[in-house]
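Take a look at the structure set out below.
When the chains are written out, they are named A, B, C and D in that same order, and each has its own residue count from 1.
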């Protein structure tokens, strides 16, 4: 950051002329200059100048350590939850989908091509569900309030197909028929009767989809290791046999919606189990405290800066009868402080959420992840500011600052071409070679690099005169059509 | 675009000398200058100068929105058609190819290596075809006019192989034998007889290929959702057992040619079905209208520009007794307008095609895709022009303009080396490691970057004197504007 | 190519002094200058100067067309041969290897882990060989002169393993035992006896490898389409069960050595078969002719250049009493001509080879491929020379010329680091993560780019003074240790 | 390396003034200059100046050859050991894991999803172990001292699950139950009894893991080829059925810890076996000798350099009354010699280790690999120094030297952003799309390139003044806030 000479009152020549009249103004000016100088100093210089110990810097370093530690602990416990959900979904696929290969085919799990396979797959689900407790390795149970197994088929209404002359009688409106198998009656005669009913006589030419859904409950015992109460889960599984396209291929989807619930259904008795999370809660408390301190210090700095700004504006108006332009006023508001404030607020909210989750009052892992993650990103990025105080890094950061608008402008222009290209490619090439197109993307790199190379050329000039305070900046009319008489 | 000062008559010094004699010429000159100035202005400046509202700009923005919306609707319906075709082909492969793994091996679907497998695979096709209606999940039917299943074997004529002394008696000419199985007689005794005939006693040493072909018809019911009449399809499937190489490996190809037809064979009765595409047709109409308006406005601009050009040429001839060179004349024809005109014409044709397709009169999805896609690309690229009016983007676009010939020249040179390399690599390495070669390609990047780096060096000079009007351009003083008074 | 003024006798000032005495020398000098000027002209300038029609240029263009066409024809027929060999190898793997998955595991085809599998796999080979003619789809036959199936087992001599106290009695020297099964006796009792012999009682702890080898003959009938005589092939198949590592994993290799032979064993009778390759032979003849013409023209040019060089050297010695330095002498020898000559010689030899192959006298496809491929590469690269005559390309080529030594020098330096890195990486990381290491390679790119960037900096200076004739060139001692007194 | 003029006494003008008084000092100065000049010469110049034969250079070249040869020999024998271990592990997986596909799934070998599969897999291991000697292809034996097969199950204590009302009674503490099957009793009735015991009645809801471990011994006979004594191995296999997550998926791990041991258990008798490694030991001896020689020569050079440094410092103090700064003193210590010394020490230690390994006294292949590999890397990198003597390479190396701090500084800054990004990405995206995140990484390349481009701009200036001896170097205050009165 450089303040150009031309700004502040003009050299010795000017001061030599009317020194007497301006003696009191000079004093005020002196103080302002001193304050400005001090304001734009970095911590080291401030320490040298006024022996001011850099509390904010120390606090930021402490915060980095604490916030990162907190994030890692939260991430690890979060990962346990996610992997439990994922492994259960995979286990369901292996248990309920006949001929599941272990890898999903596309967005669906597997696909079938013959009528026999369709019947087999449907009854396989029912049978596996029936004997689930003897098969499954997990701690699963039927959900009692639920309606057990629900099988629905959706088809076109009043359809008929006469094979003699290939007449197809289709009604546009669809109807949905459902059948229920309660867990209690699964092995009984009633179930047998239902399974032999005409419901399972599928007419594939008008069948749109068969949907088998059931609710299971499970319990994640892993948290017992940490002497915490276990989380209970409700799995809402939906197996869909999608024949919507009538293309001879039925795609089978297994969708497992997992919710973390309080352990109401499972009655967990345990001899020594107790809440053992005090230490982590205390640590979270410290994080909140340090963020609060940092928040206050930064807010104070911004308030002081605004006051200094006001003084400078007044002085400028008094002396030169001109208003300080908007860009120069903005220089007084330190963007880094704003970043730290945002980061602090996010950390505080995130930490409170985290404490609630630990106390089993909340289960919103996602919101908490985003808050803590973003704040940690900001804290780490904030360190770059302190690197900026070392001179060699300073150039780096100034360069980045200066080139940002150029990069944005270029992105806007390239984005235009890219959008046109995307639409054109999608319609002309896309549907025919769906997968290849997705892989190739747009050869933007070449063009990108080429233009960036050029951008640097023009950039070198500006770099020498990084403008700091210039009121009447106007774009040089270097590219205009000049037709002077 | 800059017109240098030295061009038009020379400053005050020159005008001061014989002001009287040139007073009428000056007036004409004044008007021309004024018009030229106005012509090369951008919309903002035009608005400031003569309060001319930028209709064309507004129209282009409207057009972008409409054309893109239209493209997306068309693309979505197109994608349904394509995915229906693809899924049917995959379903056929699963139904008719024994041991099909789900993934094509190379350009063929699967391959067999023993005589038993060959017989099994052929009879598998026949059996599956026979009971197709009981197996297939899709709404398929036999094509009645067709000849049912057609099995052809192509082999060398009069071949014989005596195992005793390994004598091979081969005639160069080939013969093709065919057998037909009508759908009506598939289950009868006649079919059994045919299948047990000597036709299926294959002599592999002279067999070239077995081709089983049959026609199926299908119906895509998905469009019923949109309350449109369903499309009917004819699938011409050809399963080829290719033994042409006699290498001990028979490659099996399944080729499914799909045609969209009017639903003649299928008699679709539906209670509430009706054409429900008015809204889309009306929208298409608006697109055509807006394109037509843009077409007229741009044509008018070009006509006006040509008139101005004529005036300038005459003036120049009159004043300097010289012809304006070709390059400068071209400056008057705005390339962007040409782009917009081409785009408009394509959109209009494409939209008419699209309306016809929607009305089930045409099925040429491909032509329509290309027309609409290309026109959308042009419309989006056309936006760059308006970005050019902002000064910072202008440099970008001028740079691209200036560097294009250099890039083309480089491509030509590199292409030469690449072609030589390709031929050499193909013959020396290619056949032995076919797949590896395809992956590696040519390490052109390094060279490319190197030369581009160099290209920039020379380029920086030229950039300062972006040439606008130069009559006597010659290779040596290649880009300079020389027009000494 | 530029000739600097300073070289040739010195301006008007010098010539003005003793014009009389030098009048005859001046005439000679004039002629030499004229010849030098003409020699370094490009075809266009030569045509303008002396109306010399560029025969060589025309011939080169004709040659490109002919050589490329010839290459494509040869490549296509070559590809047939290669794919026949490859497909046969794959077919053998499917026929003789039990449980072959269709893809080779590593460098071996498949692997077994239990004793039962080992016995099964060995007897599977024997059985498949026995009934080969009834299984195989290819036109294969047993080789009659050969010894049929040869099964060899290599094991450590006099080994014994007492299970009681785990004593292993191993002799270092190995012994090899073999058994032969003639094709004639394959189905007989003799074969049964042999198969039940103690030979097949394998002692895995001392078994090193089992090798089953047999010879088959085949015939590629595909060439009949082109009315050529078919090629006959001899396949020497070796199936190796490698237990050398005694690690509990036997790797199975199938090695198929294929030789193209004259059809001695197979007696091919064919009614209309005849050699139908005259057209191609005639075309090859034309290629040879054109290359010969180009060869003569280029040799003549080089001879003329050497004469001119001699004249220049003499003149220089006479006038300046100095020898022309080696680098300047080399300027007279046009590298492009040398390239064309090499290319021509290779094409001629390659074409003759190709004709011999077509006439079934030779089967050395490989040598012919390399000759024709390299010559085509040279011919295409040679075109760049003519691009060099256009001025904008000239810069490109000169740049490449100038930067070549720099690039080579860099490669040498980076190669040193790379070699060290490779050895270190191989020993430290290599054996433990074999595959990962192969993928990662050496991150040379970053360093490379960095240095190239730097190279350009220094390069820009040199570029302005592309040295053409400088006798006493010496590297500037810019990096030396200067210790002036 | 350049020594600037300003340093050493000032030109002829200065020396001309008071020549008499300084005559003795001049003599000393002369000698010092002469020595300094000679010290900073390269071998070629030294040879020209004092006919000093470059022994060190010759020795380095000899060393490269010897060290590389040694490394290759060691690497090859090392690779045998590693591949034996790996192949055994793969063989164990095929032998003991039911349904092992040949490829590990993730970090575990395979996974099971039903109770039946769990029982089957466990009993499969026991059965395969029982009949190992009849199945395995390797030379394996049971370890007699060991306890045979050890099966342990770890589960939550006092658990009970009443299916009626889904009550789960879990105790936090875990218990581990084990069962042993000695190799002697494997086939007997005792084993049958144990296998039918209630131990194998698993309660999956409280089961944490089942661990089957056993010890096997093997012998690598491959070394017999080289007439060396064979290595003996102890395999500690542990098969873990991990149900810790209770997610319905049991992951199966096979862990094979391999130790190289002396052949105590196996009694290997062999008729002609003898230690046949003299040649290699002698070669290793020569390597040690040459390294020792190089070590001595380099140490001597450094000692001489330090003496010269002392003389220079004294002279400088005497003449200019100033201390030579630290950076200039460091110039006397040749970094290359230090590198060579480190490399030599590592080679010597590595070679001694290698000899011990060959003599079967040690088995620490890893340490030896690292020592020999690193030393070879250093030796190859050391060659670059000699390239530095050629002037064109010199620029390359100086450039690398100059740019290193910049690169490091950039890495530090980018690393900060990267760390923040990593933490944020891990918590926000990571757990939900684990694999995708790992692949994508951080798009650091763009930023990296951008900044490097800028770095070059500033870099070009410094390059011209590569500072060699500058005592009072201070950073230019180019980015500071200047507020002059």
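Note that a contact is a pair of C-beta atoms (placed from the backbone, for glycine too) under 8 Å apart; a residue touches a chain by one contact, two chains touch by 3 or more.
Predicted model, so just to flag it, every value in this text is computed and none were measured.
Between chain A and chain D, two chains of identical sequence, the interface residue sets overlap only in part, with shared numbers making up under half of the total. Note: the chain lying farthest from chain C is A, by mean C-alpha position. Spacing of chain A relative to chain C, judged by their CA centroids, is 52 angstrom.
Centroid to centroid, with C-alpha atoms defining each point, chain C and chain D lie 37 Å apart. In chain B, no position touches at least two other chains. The touching residues of chain B, counted against chain C in their complex, run 105, 112-116, 118, 156, 158, 161, 163, 165-173, 204-205, 243-250, 406, 409-410, 412-413, 416-417, 419-421, 423-428, 430-432, 450-451, 453-454, 457-458, 475.
Against chain A, in their complex, chain B makes its touches with residues 1-3, 5, 8, 15, 30, 33, 36-37, 40-41, 68, 71-72, 74-75, 78-79, 81-84, 87-88, 90-92, 94-95, 102, 133-141, 144, 217-222, 224-225, 227, 230, 265-273, 369-370, 372-374, 376-381, 383-384, 387, 391-396, 398-400, 403, 407, 452, 456, 460, 463.
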